[in-house]
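Note that the chains are named A, B, C and D in the order they appear, and that numbering of residues resets to 1 at the start of each chain.
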């Protein structure tokens, strides 16, 4: 196995620090990723050289800023295999991307007789926007069930798809690690006349994705989980669908003409980008895509699969530890429970060892409730994690076990 | 006059560049501001030391990130004289802030029998969100007229306020430079039972503002116009009003509990901050506030008034030049027309001299239309602009006049 | 630092929580959860005619800190008049915020001092106390 | 660089636009605006039975580049068959994008070569041409 961390870890200044005198072991990558120097430099370069408001400026700076921003549309388009860069809409993140679809597509296309289909493993970002919209227009929300091992139960999918206008599901679960068969869901959904929105928050950062292969209709993801700055994200959608959608936020740049009492709107994609955009963050996203592409998403996926296997094997050996999420096709996210040690206590104890893991409901309360859990501990990996860090984690877990040894 | 540029200009790396071999003269500050080193460093420091997802992390990094983010809420609160930091909601910018009010307050409180009152000088960001909302729930939109000199005509305000539930107006016009008497409008509006939203995109960066003095109900502004990164902004609102408002975007962090088929929502301000926020940009906003506060907003305002006077005087001496916007109380924004030279041609010619001005409708088409204009040229100043740059502008304008001398 | 957080006495309360469960005929019940982690606690109380706590129980799921703090709390307020309870709640909340004025009544609770060095865990320690303060409010409202 | 943009011939067309105004009985009209600046242009055309342009006028407001380009365009297509017009439009658009294949018909239009060095101004130069291409589409649709 090609140890990517050996080569690339040094690009991440934050990872060099110590916490409580111990080297930082950052295992909360499903929450957010760290940033390589090249991304920080690209943002800095932008601010120190090209910063200006875009699109309407008739001077050199503004031209350069516009060029810097728009060129990232092309980069994103190529990175995810879109048909055209006009299918790329910049947003503040996955959450805004999904809300955009709910407002602009949902409000127009859903009515009280329709249903949408989600899954039991969705992140709150793919639940709450639909709850909010339903309060206003009242449609049915159905759910693809999750099996005991943590996969989607697609056996009843055709039945479930009745009356459904939209299926919205995550590509990879941030709790279970499960990688869902989005292509198959899209096929069946399309046969039933439904569109498909994929929450790619956890996937784009960790594996190659290709819109032409997946053949979904909307795809949402965040920059901050894929080495890019906070405050940026993407909504991809098929152009013909975007063209039929009304605006989301109103403001500058998304208009064609504004009168006192009404407005007409710009073409796609500008129609969906209101006001001064997150220009520098988009520039950073471009640099992140360059960085990841140079490593190769296939290599990243393969290396993380290796880390996942290794970690799973080692964790499973710890007595009293149970892994939540055992789907056959998984990304490098491991949720687990340690007998008698509450996940919060565990996180605090590990923190003292320099190890950053997450403990909680991971913004997926319905999934937790289904399995009668309130919280789990979660270790999630990125390509800059070293196999040795898994050993540090194991030692930390053993220590926690010891501390709580005689409990109850 | 205390020449602030002498002392502070050096803090802005971008301003040191040349354009077409001439020193850059950046006069498009109403579009966006440049960034001082301290802001860039704060963002960099955050990414290299504290970067993590906030609020839910039980480890050192996440605690530091949360602390870095939340401490800016206090800074903003003090900077604008809010009563409590819980009245500060972070957004992606003025545009999103206004859209938030339209969605969360407007949808709940406006119906087809109500009216809202805007002004003829609003930016598209304070027009289009209301157009979009009205398409859905149908209320009346009325306008405070603009006088020939470019002030608000408040003589009929009491009459206009009939039936009005919300007055929404900018504090300072990005076209005319007019600083509106928001305090007076708020007084009369409150007497008539209406709330007041102030678009502070142009004001917060250039003058001291105090929510307790203005006594409006909502105040919206952008980071990028006040030395902070792109992709961040603020909505301030009185706490009792926020508490009555439903959520805007749905997602992680803004919830209390999520069930498969419904959700309950977090307290203010978290209820309005969905998903992973623009953490690093908010940190940068904090550094920008520190930077501006150290200079002193009163000093910035005074120095810019000096620049405004000087520029107005010198521009008015140019034959064939007319200034659009002659209100007695103005910020340092000058829109103008030069006989026989179209603003676009002017901008291109000035660009060749290293001078960045804006030409166009400035996202205020209704205002332009009222005065039978399609576009104007606009020079807008910030505290880092030098008096000498006004002379360079004047020379550039003379050159443009010469080039177009014999036209028509 | 960890040792000061997970003192033996805290782990003991976590292992063997006192007054855990529910009262057959509770007079006042308050449920409270920590939205950032989902942990929840329910406190049940019976007061006598003199407005003194004559029975108190708690149940719920949570970390060692929240469970131990709840357990210690039930012991600390047993038999106390509601006014004393109010003082104790305020005292505890102040204690968590860094004040060192400790009353005699604190007993085991002093062991929670270590939590103060873990700001994100303070919410865990105060969870049961917040529920208790809701109970007091309800009692006051009924008066 | 500026001199190549604002050549005397361009300023001349801007000063004295040819075929400016409106036709009494226009056959086809197309209006087009540049949303990024608000400039707008209207082109009116009358074709004869042989599908040749026998009258063309334009009006609107805009910068020197858009007005001069429109003025030159009206001269260049005068009398031309719609198929030739189509070729000319494509030729001009290609020219703006950097192609150097110039047809003889370009005449004054060549003076717009300087615009190519100012990418943000290319939209100004092509404004009238886009309106004209809408006219062709309408003519085709009517056939």
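Everything that follows uses one rule, which is that a residue touches a chain if its C-beta (ideal position, glycine included) is under 8 Å from a C-beta of that chain, and two chains touch if they have at least 3 such contacts.
Model, not experiment: these values are computed from the prediction.
The interface with the greater number of C-beta contacts, when A-C is set against A-D, is A-C. Separation between the centroids of chain C and chain D, computed from CA atoms only, is 81 Å. Averaged Cα coordinates give chain B a centre that lies 39 Å from the centre of chain D.
One inter-chain figure worth recording: chain A and chain D are separated by 48 Å, centre to centre, where each centre is the mean of the chain's CA atoms.
Listed for chain C are residues 36-37, 121, each touching two or more other chains. Those residues of chain B in touch with two or more other chains are numbered 20, 56-58, 255, 257, 344, 348, 359-360, 365. In terms of which chains touch, the assembly is arranged in some other way, matching none of the line, ring, star or all-to-all patterns.
Per the contact rule defined earlier, chains pair up in contact as A-B, A-C, A-D, B-C, B-D.
If you check the complex, the residues on chain C that touch chain B are 33, 35-37, 119-121. Taken together, the chain B residues at the contact with chain D in this complex read 20, 342-345, 348-349, 352, 359-361, 365, 368, 374-375, 403-404, 406-408.
For chain D in complex with chain B, the residues that touch the partner chain are 1-2, 5-6, 11, 14-16, 36-40, 61-65, 118, 121, 124.
Chain B meets chain A in the complex at residues 13-14, 17, 19-20, 24, 26, 28, 31-32, 34-35, 40, 43-44, 47-49, 51-53, 56-62, 92-96, 98-99, 102, 107, 120, 123-125, 127-132, 136, 141, 143, 222, 224, 229-232, 246-247, 249-255, 257-263, 274-281, 344, 347-348, 350-351, 355-360, 363, 365-366, 369. Residues 55-58, 63, 255-257, 266 of chain A are the ones touching chain D in the complex.
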